[in-house]
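Heads up, the next two complexes both have chain A, just with different partners, chain B and then chain C.
After this line comes the complex of A and B, so read on.
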């Protein structure tokens, strides 16, 4: 993205401004998906108690002889000492590594993690050089998680925000109950991906298993390969120029843009014959949303 | 929950006993109630290893009289073996209530096993040419140590750490299950089978026997039934996904094969590692990492996936 100075921004309309900043205002499906970004707002919310870390202050943890709890406590301790870049070595498939990090941090995990890795996070940028087990990134609120190899099932379950990226293939039920954010998968995904999805976007560059988007309320799923079958109330929708633009930008950001582009992607949305909160009265909608 | 693990070497032997112990110990948190192993070596032609227990572990706390009772039961087993023309090449006690026989026998194995199980408290855990099946209460290290498994060299093996949900905490309900009465076939399972009683009655009507109320035993009996009809292991695994309801991932080992099957929902985990000479699999990556510390590539099999590997 080309850099934009403050003067240019002030001359632009709101639509031009959000586009220039790489953000977008779009209505994907139905009123409940209407997302509006304020270009003037801070992109990352910081908790008042969040430690003030310096990304240039780097350290390492060798977790070979440590329990998951000890590793997570050590990460918090180092963050309180101002370390903004932490490299975790020898994770060896341990569960629940890097969970509950609620502020900015560069966390690099050299190896593979077990279940529930980097769940419940709000803000950090995480790179995992190996594979992750079930439920990686569960309930993440913001930040980025990039996995270089494959991921297990329930990848990104119930995420609310941020980018969760797997360069390889993922297991079943990817993005189950997701409520926001973006899931990117370089390879294939298994059965029941996007099950009961409520918001957000999932992109699968490879194939998708059976019952894709089963019982989804809202949100959008893009699939570059074949779809074994659609789930209940998941329907095809037209891939618009806005979709293509967003897909290209997002996949390019992580070096995952397919050689043949994104024009062949299928777009799947909720048919809203099963669940439809668009027609609720405003007072009811307030309770739901 | 419950943890399952398996490994198979292609065309070579390794310290399978020690490796399976490490893998299952890493899965202890998935099931601390009991641990079991089915490990395979090339065996000796025409000889079978028979693993039999004559009491449950808890029975040993029932009073001093149990020792005399165990002696009586073991004498009775020896007597039946002799009556059936079985040649006992070796006999040893793994624990006070579990014995290992090396036998030569060319008769009907099912009939022999049925006859032996007429002895009160006796249960044949396995009979096989290459199979050694051990299971007991406790974690992987405890069971492996008690039965001297650490030094076992072989080609492949499967194992299980059990969290009892469907039946009692006892050896009878522990995995692996031997596919009675077919030598060298064993099964471990993680999941719940929801049409267990329907399928059990169907199998019982076909003449098969069940020793426990554990739903996992059905998979062993079902596999045994299919193999007895001449079905290939891969076909049996595939058919099971159609006929057996519930959520499950299970492993089956034969004398020279190891297979896996995953249900239609892919609701129970399995992580796979494949290299040119070793295939390792477990409910969780942490078990594979327990024997392969170097960086490796692993993946999750998908729903309805069936795989079979040859030793």
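After this line comes the complex of A and C, so read on.
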């Protein structure tokens, strides 16, 4: 390392610098799969392995005496039998209910769920009439989840897609590490919401706690109420007409549009000062250290 | 040093990364020989006025009132070619040359969403093979 100085480095090409510093070059952007879409692909709307369910075919599960695993297996069994609407009664705060559903389905949970409810889902529409514990909708890929009352902390942790909606208030670290999708909160959200958010949208109709959007890399947070404080690298941005139109549409869809509309919402985005995406920076740090 | 200023370039034109595949605009990008940041605006929300009939039908079949997870899908650009990032295979899938691109990002995004849904639901998607080989549950 001592044989390479700053002046020499600046004269080199990227490849030469990397070699001189003993580093290997790594492409940090997405890797091409060298695949091409088929422009004439047939119109299919469900995964090839998805069960053929009918929303009009409805059934119920009474989960009072069942374990979470038994409930989840029963849901899958009923989907394979073509049931498209399943009502789950007496959830009694069980953990991990309705996880891993990878196709379309209407799931209605009458009551409250515990930790990690409806995580890892890809497609279903879920309505929970009670409250939910920590990490509801964790790693959700697509679909909609509507919670009628309040939610615990880490609501929508690492969500990748879909709409995760809580009509009430949620705890802290909402949308931590979210990588896509939309989180809607009708009430307030706690501290460190949007922490390390990478993309997607979070909408909070009420107030936001301390350090909102701390260390966010990308994505957008809309807040209708007061913000206690912004986190590192979270900055205000201009609310565009397109934002307003999208907000109005989305909030109306879930019956959550405030009486005074959306013009007063604050828009928070990443200041991009923490972006550390280039290959050379680790080498530079090494050189300085 | 890292974390002191944003040193990427701004997206100013819809064809920016087709005309200049390297996309080295800012001083830092020129210095390191690498583009910094996304090649499309990841925060652009969809304009539903330009939705395609296929996507409307997809929403109806899934029981959704909007594009749902597809709101995060945009047309990006890889090596000067239009491409779409498929999260299920963690890679870019190229848009065929015979598809004529509209002159605005919103319309391009709708094409990207349609192509991605058709691809993900087809038997030629790599997830079909992976699922057969590795599915546990």
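We adopt the following convention: the second predicted complex is superposed on the first by the 230 of 289 C-alpha atoms of A that agree within 3 Å, B and C clash if a C-alpha of one lies under 4 Å from a C-alpha of the other, contacts with A are read in each partner's own complex, and residues count from 1 in each chain.
Definition applied: a contact is a pair of C-beta atoms (placed from the backbone, for glycine too) under 8 Å apart; a residue touches a chain by one contact, two chains touch by 3 or more.
None of the values given here were measured: they were computed from a predicted structure.
K.L.:
Between chain B (first) and chain C (second), which does A:49 come into contact with in this model arrangement: first, second, both, or neither?
P.N.:
Only chain C is touched by A:49; chain B is not.
K.L.:
See if chain A has more residues touched by chain B or by chain C, and give me that chain.
P.N.:
Here the partner covering more residues of chain A is C.
K.L.:
Examine A:162 and indicate which partner it touches, taking first as chain B and second as chain C; both and neither are also allowed.
P.N.:
second
K.L.:
Scan A:108 for contacts with chain B and chain C and give back first, second, both or neither.
P.N.:
neither
K.L.:
Between chain B (first) and chain C (second), which, if any, makes contact with A:12: first, second, both or neither?
P.N.:
Neither partner.
K.L.:
Which partner chains sit in contact with A:87 here, chain B, chain C, both or neither? Use first/second/both/neither.
P.N.:
A:87 contacts neither chain B nor chain C.
K.L.:
After the superposition on A, what does A:120 contact: first (chain B), second (chain C), both or neither?
P.N.:
So A:120 meets neither chain B nor chain C here.
K.L.:
Have a look at where A:257 lands relative to chain B and chain C in the superposition and call it first, second, both or neither.
P.N.:
Neither partner.
K.L.:
Jot down the residues of chain A that show up as touching in both complexes, chain B in one and chain C in the other.
P.N.:
Chain A residues touching both partners: none found.
K.L.:
Going by the contact rule set out above, which residues of chain A touch chain B in the complex?
P.N.:
92-95, 111-115, 129-131, 133-134, 149-150, 152-153, 168-173, 190-192, 209-210
K.L.:
Looking at the complex, which residues from chain B come into contact with chain A?
P.N.:
Its residues touching chain A are 264-267, 269, 271, 284-289, 293, 295, 297-300, 302-303.
K.L.:
Residue numbers of chain C touching chain A in their complex, please.
P.N.:
Those residues of chain C that touch chain A are 1-8, 28, 31-38, 42-48, 54, 57-58, 61-66, 68-69, 71-72, 78-79, 83-87, 89-96, 98-99, 115-124, 126-128, 131, 137.
K.L.:
Quick check: in the complex, which residue numbers of chain A touch chain C?
P.N.:
Its residues touching chain C are 10, 13-14, 29-39, 41-49, 55, 100, 104, 106, 123, 125, 141-144, 160-163, 180-182, 199-201, 218-220, 242-243, 245-246, 249-250, 253, 269, 271-281, 284-285.
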